[in-house]
Each structure stands twice: as C-alpha cells, then as structure tokens.
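Okay, got some structures for you below.
Presented sequentially are two complexes of chain A, the first with chain B as partner and the second with chain C.
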Partner chain A sequence: MGSGRLTRIAAVAANTFRESVRERVFYNLLVFAMLMILSGLLLARLSIRQHEKIIKDVGLASIDVFGLVIALFMGVSLVSKEIERRSLFPLLAKPLRREEFYLGKFAGLALTLATNVAAMTAGLLLTLWATGATPDLRLLQAVFPLVLGHLLVVALALFFSTLSSPTIAAVATLCLVVAGRLSDVVRNARTVLPDAPAWLVEAVYYALPNFRNFDFKDRVAYGEAIPAAALAWVTLYAAVYVGAVLAGGVLAFRRRELH
Partner chain B sequence: MNDAALEIQGLAKSFRVGFLGRKTRPVLRGLDLSVRRGEVFGYLGPNGSGKTTTLKILMGLLRPDRGSARVLGEPLESPAWRHRIGFLPEHPYLYDYLTASEYLDYTGRLFGLPAAVRAERARDLLGLLGLTRSASLPLRRFSKGMTQRVGIAQALMNDPELVLLDEPMSGLDPIGRHVVRDLIVDLKGRGKTVFFSTHILSDAETLCDRVALLRSGELLRVGRLDEILSVDVAHMEVLVSGVPAGALERLPGVLRRHAVGERWRLEVEERGLGAVVGAVGTQGGHVLSVQPARQSLEDYFFNEVVASGSLDQAWEAGD
Partner chain C sequence: MRVLRALPLLLLALVPSVQRRVDASRGAFSGGDDTLYLWSGAQVRRLAPGLESLLADVYWLRTVQYYGSQHAFEGGGGYPLLGPLIDITVSLDPRMEIAYRYGAIFLSEHAPQGAGRPEDGVALLERGVAAQPDNWRLRQDLGFYTFLFLHDAPKASRVLDEAARLPGAPAWLRTLAGDVLLRGGDRATARRIWEELQAQALDPAMRGNAWAQLAVLDALDEADRLTGLVQEFARRTGRRPASLEELVPAGLLSRPPVDIYKVPFAYDPGTGEVTIGRDSPLHRPR
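And then the complex of A and B:
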C-alpha cells in the first residue's frame, strides 16, 4: 500500500475520530465513572476479596457492553449516514478511493473504541486502587480480547450497512453477535434437533463469529492468568475474521451506486 | 496536448423503478459532448433532464450503462485526473461538526497537500468567498448560502485545471451570486476550464463561452450563445411616462403595453419606433428609455422545450 493511500486512510480515520469526540460519543464514560463510584461505595462494607471481585466483574462487563453499543450503533451509521446525507460525494471526487474511505472509517471507529476502552480500563484500575484493592494489570488480558470482539462487531455493522438500511444492519449485526455469543448452543443443536445434518451444524458453528473466543472476563476476575498462546490465537482469529468481513464490505461498497 | 478538457461519448444511464426495480427509466440517452480547455461551459436543462446524473457518472458515483468519457485526456476509470479536477455536488452537505477551515484542511489532506499549503489555500479561498470571519465557526451554524460557498471552496483546494460545479448558484443571495460569477470569470482568466450545470439561464448568458441544452436525457443543442440565439431584434422596448392609457391605444406600431406603476412599458415594432416616440412627445409624455429586445436564452429554451414536447415531458426524467 502506497504512502498516498495510507495518508488518505489516516485522514479519513482522524476525521472519524474527531467526529466521535465532537458528537459526544465519549459521554458514556460519565455513566461508566458513576457505575464505578457507586460500586466502590456500595461494596465498601464487604471483605476486600469480595468487593475486588465484584468491581472487576462490573467493570469488565461495563467495558464489554459500552464497547458493544458504540461498535454496533456507530458501525451501522458510519458509512450509511454519509451516503444518506451525500457528505461523501465531494470526497469521492478527490483522489480518495472508495476502499480507502471505507477502511479509514473503520480505522477511525477502531481508534474511538480503543480510546474509550482505555479510559474505562483506567477508571476500573483507579476504582480498585481507591477501594483498597490491588490495581491488577492482568485485567488487560481480558480487556484486549474484548476490544478485538468490538472490532469484529464494527466490521460486521459496516458490512451490513453498505447492503441495507441502518436499522436492518443493526438487527442483522445484533443477531450475529447474539448467535456468536451462544455458539455452544449452536454446536450442541443436535441434542435438541437430532435430525439436523451434522455437517450443517458444524458449518454454521464455524461460519458464525464466535464471540465466546473473546470472553476471558470470568477467568481474569478470578485472578487466573491467560496464556500468551491463547491471546495470540484469539488475535489471529479476529484478524482473519475482521479482514474477511472488511474485504466483503469493501467489495459491496465499491459496487454500490450512490444516488 | 489534447484540446478537450472533457469528452463524453454515447453516455447512457437508466434507473430501475417500480416494484422490485423491474422497470427502467432512461435518464441519459447516448450523450455526446466535448468541452474545450479554458472555456466556461454551461450545462443547461430543466429539473430532471439528466444534468446531475451526468456529473455523478463523471465523478464515479454512478456507473453508466454504456458509453465512455475522458477527463483531461485520461480515461474516466483512471484515478490520475482526480488530482487535477474540482467538484461541487448539488446541495452539498458538509460535515457540520467541523469548522470551514477544518473542512478545507481535511479535503486538502486527501490531495496530499503539505500543511502549510493547506492553510494558505484555505485562508485565500475563504477570503475570496467572503467567509474569513466565519472560518472558525462550526458548519452547523452556516446558512445555506454560506455552506454553498464552502462547497465551492473545497472544489478549488487543489487549484484544479477543470472545475465541475453542479448548480453553483443554488442557495446563494445576490451578493453570493456576484462573488461566484466573479470567481468563475477569474478561473477562466487563469486558463481553467469551468463546466457548470444550471437552470438559471441568465447566469449562463453572462458567463458561458458555450452551452449545451439538455432535455429528458438528450442533447438538444451545443454551441456558442450567438450561434444558438437569434441576433435579430425582436422588438423595441420603450419606457414612457405622463401619457394617458387611452392615448397609447391609438398609437400605431405598439404591439403590447404593460403598466409599471405610473409608467408604461411598450413593446414597439422597430420600424414604428420614430412615430411612437413622436406621438408620446405630442401627448405631453416623456420617453424614459428605449432598448432593443433580442431573443434571450430563456426564450429560446422555453420555446425549444415546449416545441419539442409538453412541460410534463420536459420534467419527466429524474436527475
């Protein structure tokens, strides 16, 4: 990829990040901060080990949910809003290719998510420290895979939003996220539907994005160390899946007529 | 060097309409057009005649069903010419969370311009378009006319050789229109090619070296205005005052008369002008002005549209 391409993708990404800041996407951090303060105050009477576990659970679950909501709703509106408002028309007349615009949008939202999650993680560590618990940096072993999962949600939301309306794209993405989080149910579908062909169940199981792969929250909250190999594998899984979905989205976006 | 800034050959486009898009409606029907370097070219037509569709195809926003085009000598599919053109879409929506300066800086980055050049160009263009004092306001606080002027500024950030403007006067007040007219004249003076679509025919008459007239996706006529319009005087327009209405009825050579407040505007046959002027003086009135009336572009356009079909047909296609 040439430096011109990278410069243009970076320009779109930087502008997307600036849009997030100016459109007050980061206001969710206030809600997160309140959650952390309330948790700290309410759990102060419990023993140190109990309240440390609960604050970690609440904190990691909040990071997961807030990240998912931002990824989903910003993801579906990111490109579709530009098409609907025609704000991309003057840009695409410049030396900006459609795939550069698309990837720039993805990168900008990825940066928004990463910044948001970094702020929430810092808030979680600060809460642990303020309530007398040890700020455990091993929490990052749970946070990092969560961010990978959010990036996959963004890629899926972008993909669906280039094919359909933002509402349909949001529903389709949410369905995949729910199905992906219940992937074990899919794998064991033959216990409920014994006539279902085994190959079909296996195919659906492997085709669905397995969001359980990104969930190390419980293990980390219990103080378990996550092996580096497991983190490397989940990173590879995310890279391949996100790459494939982005490639599909770019193809769909390049073919789309912009009325 | 190729003499044409823009060459269009056999460009056709239909839109799918109806349930499941099973019907198609032609919007462009084999358009052939050539725009020379350095000229101001007006692309005229009523709403729905295919002007915007043509520009969208040229900018790669829509794919043509058939036909081809070359921009600044390069094939339409080549990315090379995009560094050398500027484009203003119709009713531009610009990011309202940015200021005008930030928006121009962003578009300059897409051309790979260095920061110092971006800052200088943005400052110059905002000054040229009368937006210096609003440069640091968010675009959501801009009026429609101000947004249009920022849209024109972004089309010029790369100092393009060819500028394509879709309805550049849309939403502008008289001062804004004057500024943009001067800007187009200045661009021509600097050797740039300007291609603009409009249905405001007076702008085209003032600015264009050549025009193309489009109706329902078909080209009616291309040429210089003096080739298209009749140079013969249709009649004389005489503005008079102090003459009773009854006296005007008896004047020979008066084709029509229109009351303009206390005055009368008379349409007079050229050969009867002397008699009418004399008669007005005899009646104790005053001749305030005498002007020859020639066929305007608007007259021509209206006659062509009506002559070659109904008004409904003129508006039938969608832009």
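And then the complex of A and C:
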C-alpha cells in the first residue's frame, strides 16, 4: 500500500473521528457508561465483601456493553449516512478510491472506540482508587481484547451496512454478536441435537465470529494474569477475522451502485 | 385548556398521598417480593452471554438482600428462595468463594438465623470444593459444617485432613482433623472450630456468626454447670429444687441465672436438667 493511499485513508479516518466525537449520542452513551461504572460503588456497598470485584465486574461489563452499542450503531450508520446525505459523491469524485474511503471510515471509528474505551477504563480505575482499592493495571488485559471484539463488531456492521439498510444491518450484526457470544452452545449443539451432522456443527462453529475469545473479564476480575500467548492468539484471530470481513466489505462496497 | 394545563401538576401533587396509601397497605417494613422468575442457573447463563460474572454479582446481591430482608422483617420463614438464588449465583460464577461460604452459613444455621437446612449448606460446600479443588478454605468449611451440623465426625475428619494437605493450609488443620476423629462430637472441638472461624473471619458478619456460636457453647457450658448445682442441691436436701431461684437462698447461686441476653435458663424439675431458655436467641433445637 503506497504512502499516498495511507495518507488518504488517514485523512478519512481523522475526519470520521472528528465527526463521531461530535455526535450527541456518543456523549450520551459515554456519560451513561460512566454512571454505570460509578454505580459499582453503590452496588458494592450492598454486598457482603467482594466490593472490589463487583466494581471491576460492573466496570468491565459497562465497557463491554457500551463499546458494543457504540460500535454497532455508529458502525451501521457510517457509510449509509454518507450515501443518504450525498456527501459521499463529491468525496469519490476526488482522487479517493472506494476502498480507501471504506477503510478510512473503519479506522476512524476504531479510533473513536479506542478513545471511548480509554475514557471508560480511566473512569473504572478512578472508581477503584476512590474506594481505596489499588487501581489494577492488569484490567487492561481484559480491556484490550474487548476493544478487539468491538473492532470486529464495527467491521461486521460496516459490511452489512454496505449490503442493506442500517436497520437490517444492525439486526444482522446483533444476531451475529449474540450467536458469537453463544459459541460454546453452538459447539455443544450435538448434545441437544444428536442428529445434526458433526461437520455442519463444526462448520457453523468456525464460521461464526467467536466473541467468547475476547472475554477475559472474569479471569482478570479475579486477579488472574492472562498469558501473553493467549492475548497474542486472540489478537491474531481478530486480525484475521476483521481482515476477512473488511475485505468482503470493500468488495461489496466496490460493487455497490451509488445513486 | 386551562384545566388541561393544570392537570399534570394536579396529578403529580396527588402522587405522594397515593404512595403513602400504598406504603400503608404493604406495611412499612415489608420484605421484598418473593418472586424468582428463573430457577435455573443454566437458563440465566444463556440470557446474557459474556456477562455471567456481572449477573452473578447481581444474584449475589439479591441473595444478601433477600436473606437480610427475610431475617429482619419476615422472621426467617424458611427462606424458600435462598437455595435457588445461591444456586444461580454459583452456576453463573463457580469461582465466587464468598457465595459458597456465606451461602452455607445462611442455609445451615438454625431458624430464624438461617434456613435450618444444613444438608443443603454442606451440599453447597461440596459443590464449591468440586469447582475449586485447590481451595483449602472451602474444604475446611466443608469439614467444619459436616462436623458441626451433620455430626458426621469420621467424614469431617477426612475432609479436614484433605484440606490440611492443600497448599497454603494452616498446620493446625491436621491436628484438628485428628481431634475431630478421636473426640467425636465433644464441645471442646466445636469450640476450637468456631474460634478458628472467628479468627479467620474477614468481616463483621462472619465474625458475628462465630461469636454467636461461641456464645451458644458458653451457654451450654453454663447450663451444664447449673445442672450440676441442681444435683448438689438434691444431694444436700434429698429433693430437686422446684425452680432455679431456690438455689439462691441455698447459697449455691448469688442470683437467678440468666444468659447473656438476660433470658432465664429453662429448668425441668422432673429430670433436674437445665437448658438454654426457649426464648433466648442462643436456643438451638436439638
């Protein structure tokens, strides 16, 4: 990839980032996520012991869920909004290829998500500090895979939004996310469906994006250190899957007729 | 139009008085509604994939609140939802040690302090031991509860010995395992176990429970001492006293005996046996 191409992608990404952080819904979600993280303080007071773990659980779950919501709803509207507003056409009239626009949009939202997760993680660490607990930097070992999962959601949302309307794209992405989070059920499907062909179950299991891979929240909340190799494999999985979906999305976007 | 504009304010002004009526009809200190829509941890797991740990926290909080409200406002009442709530909690997070340890206390303690189902409490700890085989605290509690509530000294001794062999376990667990086996259900062994639990307690609730159990053992010792005084009275006078108050003029007691809650000890003139008063918080059914 030439440096000119990278510069154009970076320009689209920077523009997308600026646009995303100007969205009111982004701030609403961020504020709500912060409130959720802070609510851990209250929940912890209602429990017998395990205050620190409850704050970590609530905080990590908030990062997971709100990151997912932002990735999903911003992801499906990124390209479609440009088409609806017809702001895409003057852009494509410039020396900007469709794939550069597409990848720039992805990178811009990825940056937005990373910023959002960084803010939520800082909120969680501050909450822990405020309760007298040690702000455990090992939490980042759970946060990093969550970001990878969010990137996969953005890639899927972008892909579906190039094929259909934002609503259908959101539903399709959400279905895949839920199915991917239930990947263990898919893998063990033959215990309840013994007649299902093993090859089919296996094929579905490997084809679905396995969002379970990105979930280290529980282990980290218990203070367990995640081996670097495990994180590396998950990163590679995300790179492969995100790459495949982005490639598919670029192909679909290239072929899409824009009126 | 003017009425329509005023209507929201008028209706809102009515809310506090209606709420007061609702509160009055429910009772000021009514416990939470006894409703559990999902009874299976496996079902709840499938509801929010990836958020099991958070759900476990929510169910644990619900367990604690349920226990507290039943204990404080409903007088115990058997705690019918306690078992399912704890089951869901540990199904969602099999590593939540505190749910096994406190859950076993809530389930095993005699009513009204607990559900009075020690078999369920021991089964919960067995589940915890299966989920965390290297956790010596859970295995220690399993041994303690098997001894204290099920009075199965051989099994308790075996479990305590297993706990003693785990990494991090204190050395005294092995001697305690021997004592449990050799001395069976004697009170001194029970006292030693509760003293250990009190020393290990990480928070006031657990410490308070161990203190209460030690107070029960103290009261049982005092009842035995009073039974001895009754026998001494009978030896001196040739008859049993009609009441414990008779021991005071006889010079055997300085005042009528009461426990730490100022509840008089119960006395059966037919057998001469003194026991903890039925109205005392220290009373435990045999």
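Everything that follows uses one rule, which is that the second predicted complex is superposed on the first by the 239 of 259 C-alpha atoms of A that agree within 3 Å, B and C clash if a C-alpha of one lies under 4 Å from a C-alpha of the other, contacts with A are read in each partner's own complex, and residues count from 1 in each chain.
The rule is short, and it goes like this: contacts are C-beta pairs under 8 Å (C-beta built on N, C-alpha and C of every residue); 3 or more make two chains touch, one makes a residue touch a chain.
Keep in mind that this is a model prediction, so the values were computed, not measured.
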Report task. Determine, under the contact definition given at the top, whether A:A93 touches first (chain B), second (chain C), both, or neither. Result -> first
Query raised in the report: A:A207 contacts which: chain B (first), chain C (second), both, neither?
Result: neither
Query raised in the report: Which partner does A:L30 contact after superposing on A: first (chain B), second (chain C), both, neither?
Result: neither
Query raised in the report: Is A:A61 contacted by the first partner chain B, the second partner chain C, both or neither?
Result: second
Query raised in the report: Just chain B (first), just chain C (second), both, or neither: which does A:L137 touch?
Result: neither
Query raised in the report: Given the touch rule stated above, what does A:A198 touch, chain B (first), chain C (second), both, or neither?
Result: neither
Query raised in the report: Which of the two partners, first being chain B and second being chain C, lies in contact with A:Y222: first, second, both, or neither?
Result: second
Query - Of all residues in chain C, those that touch chain A in their complex - result: 46, 49-54, 56-57, 60-61, 64-65, 93, 95-96, 98, 102, 202-203, 205
Report summary line: The answer for chain A against chain B in the complex is residues 4, 7-8, 11, 15, 18-19, 22-23, 85-87, 89-97, 257-259
Report summary line: The residues of chain B that touch chain A in their complex are 15, 56, 59-63, 79, 82-83, 85-89, 91-95, 97-98, 106-107, 109-112, 151, 154-155, 158
Query raised in the report: So in the complex, which bits of chain A are touching chain C?
Result: 43, 46-50, 53-54, 57-58, 61, 64-65, 178, 181-182, 185, 211-212, 215, 217-218, 221-222
